[in-house]
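Next come two complexes, and both contain chain A; in the first it sits with chain B, in the second with chain C.
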Partner chain A sequence: MIRRALEVFLFLAALTALWQLLYLVSGDVALSSPRDTAIAAMELLIAESFWRHVRETFSAFGYALFIAAGGGLALGLGLGLHRLSGAVAEPILVSLYSLPKITLYPLILLVFGLGMSAKVAFGALHGIVPVTLFCMNAVRTVNPAYLKTGRIMRVSRGAMVFTIVLPAALPEVFSGLRVCFSLTLLGVLIGEMFASQRGLGFLIMNAVGLHDVRTVMAITLLLAAFAVCANSVLLMADLRLHRRV
Partner chain B sequence: MSRVTWVRLAVVAGALAALEAACRSGLISPHTLVPPSVMLATAAKLLQSGEITADLLRTLRNVLAAFVTAVAGGFFIGVVLHAAPPLRRVAYPFLASYYAIPVFALYPALIVVFGMGDLPIIVIGFLFAVVAMIINTLDGLDRIPRVLLKTARVMRMGPVATALRIKLPSAAPHLFTGTKLAVAYSFIGVIAAEFILSGAGLGYAISYAYNNFNTARMYALMLLVITLVIAVNLAFYTWEQRLLRRRNLR
Partner chain C sequence: MMRIHAELQGVTRVYPATPTHSAVHALGPVDLALGRGEFFSVVGPSGCGKSTLLEVLAGLAQPTAGSITFESATIQGAVPDGVGVVFQDDASFPWLNVRENVAFGLKRARLPAAEVRERVEYALSFMGLDDFALAYPAQLSGGMRQRVCIARTLVTQPRLILLDEPFGALDQQTRLLMGDELLRVWRETGATVLLITHALDEAAMLSDRVGVMSARPGRIIEVVKTGWSRDRDSRLASDAQFGNITSRLWRVLREESLKGLGRTGTPPRKQETI
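Right, the complex of A and B next:
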């Protein structure tokens, strides 16, 4: 455990050193130094106005994550259980996944209008496809012996889904949710960057417009720290689930 | 063509027809969405008149540059991380959460470092695509059957021969997945960067049309981008299926 912590520390130190080096090469206009950025991040963290934007972003993120995860699970389960629809939908979903979804943003704005609902829709749009794909594949590859046993024991269709298919598919589904988490956050942030008056994405874009490098980097740093921490937790749970099976 | 393909075509055609009907009947207002047939006609006109050819070529060139560097760089970094397990253990959570970080925020910094022009956009495309390649390279190298490596040792194969004859072919499916994702992410990165920040390219053209309320042109360009990306991806998908099939037969 201590060794692990030391490794993480060394890695972070190396990243910071690299950052400092880049800073020395490129100068004040392009980057702010690690020290300056940390100070700016601290300043943001104690400012009341910053937390208003954080709340805005995270409530959008929460709704989007809820829609993406719930919708993706339901869709993936349905497509996984019904073979023909799964086979029909898979390439469509894969193309949807690889689309530069930002090109669809004007459409979303025209449909949902400016504001919260557009952000939520855009975030959910980013997150829903990976969950669906992972869930569908997991359901498809459930060990047939389990299903056969269930049939022999005369388990009803509904009970089959909840007691056999879902638990067996859980590790894969969780991996999908992990990807969904990152992409939904990115979707919400991009949504805010392009058309919003509130939220962290807006703060970044605003600072870019004002050429306030320090703030841009401080917000990015805070977001990165949040994303890495949340993902480490999810990754640990993910590994544990995969090992259990 | 198989039944599934027909059903798929029917589903897509049905969705398009429904959209067309909804637009034509006024169910969806023309300010929100123009009918697909109008999009297609406008796109054809744009292509014919040649007014977007420069943007199109520019975007394609940037995507290609980002893709090639990302695949090469990602493969290299993946191999290095695979060879150094402690480094990999530490770096992995960072790689896994990488896609939640808005890389675009670094664009102003990239402009200062790389100058105005296409290079910062290519770098963003590269940054987007490289991590998918790294992760898949690691996956692929993980899945090499131990038996094969042992056999290679028993047969006294040199490191180069082992790499070329055993490691590369065994990891190939995952490397292919990485390449496929790298294409998709290069497109996403380049077009998104153009969209938000740049003054040229297809992404910019869409955002420009949007800001000028030129809905028909905007949708035509969106259709163009979507068709382009789907065509490239389908080509890769088909190629991959063929490779996998050949592998199973062998």
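Right, the complex of A and C next:
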């Protein structure tokens, strides 16, 4: 445990050193120094207006995550259980997964208009595909011996989904949810960058427009810290689930 | 005259053709009658349709032709009450601990909670799993996981127990001991047991009768009666009769196994051991 903490600390120290070096090479125009950035981040954290933007971003993220995870689970489960529709949908989903979704953003803006719903839709669009794909594959590849056991125990089809298929698929589904989490956040932020008057994405773009390198980097730093923390918690849970198999 | 508990008449199973494979005639026609309380083993070359036989008998798969009766009712591709199966592949649920695994089959049975607890605890101690009740299958050895599966089957108190190579993954010593445990289950529950195995000595030691299957499509070409008493155990292995039965099984099976390998009655270059 102490070793692990030491490793993390050394890694962060190395990263900061690299950052300082890059700053010395490139100068004030492109980067702000680690020290300046940390101060800027502190300033942001105590500013009332910053938290308004945070709330805006995270409520959009919450809705988007809910839609992506819930929709993806339902869709993946359905497609996994029904072979033919799964076979039809899979190539479509895979190409959607690899498509740069920014190309669809104008379309989304047309449909949803500027504002909250467009961000939510764009975030959900990023997140829903991986959950669906992971969930579909997990359901399809559930060990047939588990299903036979259920039939021998005379478990009804409906109960089989909840007592066998989903628990068996859970580790894979959770991996999908982990990817979903990151991509949905990405989607919401990109959405805010290009068509929004509020939120962290907007704040970054605004600062870029003002050549306020410090603020850009401070927000990026805070977002990165959040993403890394959230992801490591999810990754830990993920590994735990996979160890049971 | 034995009372018939389960019976297959002219049962065949053909796996239908798929876009990538042609149809596979996996089984039969098979005629087989299991007596009530009998211990019957099936041996046969690999891929001859043993698992298919079990699935059809359990009502997990529909026969292509023929009929199956269990306790005088016809099985029509639906699992009847009173049948328990231990599968060839490890089927313990990794997301449940040992106790939850064992209790799984009783969740939907409308039994009083005390009765459920009692049956689960009994099955756990019977299979020597008390100390592992809270462990997850990933923490157990293959043999113990298979014991979990047997315990999970036992709690439902099946009258017909079907086991598909349950000890296939175990070493010889453990296999013999597990065989003893299986005999104990059989004696104490009075259930009818159908055991599928590839180990001739196991079949010869445990069974009242042993059916030998042909290469695919599997038919039962010979049934060997052992004549053991009901309270037998693995010490039989030193009995002279044991050797006789094993070698008789091998004589029949050798021919079929060669066919299964795509060769016919030519003497093998390498001496094969039993």
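The rule is simple: the second predicted complex is superposed on the first by the 245 of 245 C-alpha atoms of A that agree within 3 Å, B and C clash if a C-alpha of one lies under 4 Å from a C-alpha of the other, contacts with A are read in each partner's own complex, and residues count from 1 in each chain.
As a working rule, contacts are C-beta pairs under 8 Å (C-beta built on N, C-alpha and C of every residue); 3 or more make two chains touch, one makes a residue touch a chain.
None of the values given here were measured: they were computed from a predicted structure.
Partners chain B and chain C fit side by side in the overlay (superposition on chain A). Within the superposed three-chain model, A:70 lies out of touch with both chain B and chain C [touch as defined at top].
Within the superposed three-chain model, A:26 lies in touch with chain B and out of touch with chain C [touch as defined at top]. In the superposition on chain A, contact is made by A:178 with chain B only, not with chain C.
In the superposed three-chain arrangement, the CA centre of chain A forms the vertex of an angle with the CA centres of chain B and chain C, and that angle is 90 degrees when rounded to a multiple of 10. Look at A:113: by the touch rule set out above, it reaches neither chain B nor chain C. Looking at the superposed arrangement, the partner reaching more residues of chain A, out of chain B and chain C, is B. In the overlay built on the shared chain, the residue A:8 is in contact with chain B alone; chain C does not reach it.
When the two structures are aligned on the shared chain, A:145 is found in touch with chain C, with no touch to chain B. Judged by the touch definition given at the top, the superposed model places A:159 against chain C, while chain B stays out of reach.
When the two structures are aligned on the shared chain, A:223 is found in touch with chain B, with no touch to chain C. Minimum Cα-Cα distance between chain B and chain C in the superposed model: 8 Å. According to the touch criterion, chain A has no shared surface contacted by chain B in one complex and chain C in the other.
Taken together, the chain A residues at the contact with chain C in this complex read 143, 145-146, 148-149, 151-155, 159, 163-164, 167-168, 170, 243-245. Residues 55, 58, 60, 79, 81, 83-85, 87-91, 93-96, 104-105, 107-108, 136-138, 152, 156 of chain C touch chain A in their complex. Residues 4, 7-8, 10-11, 22, 26-27, 29-31, 84, 87-88, 91-92, 94-95, 97-107, 110-111, 178-179, 181-183, 185-186, 189-190, 193-194, 201, 204-205, 208, 211, 213, 216-217, 219-220, 223-224, 227-228, 230-232, 235 of chain A are the ones touching chain B in the complex.
Listing the residues of chain B that touch chain A in their complex gives 4, 7-8, 11-12, 31-33, 86-87, 89-94, 96-102, 104-109, 111-113, 181, 183-184, 187-188, 191-192, 195-196, 203, 206-207, 210, 215, 218-219, 221-222, 225-226, 229-230, 233-234, 237.
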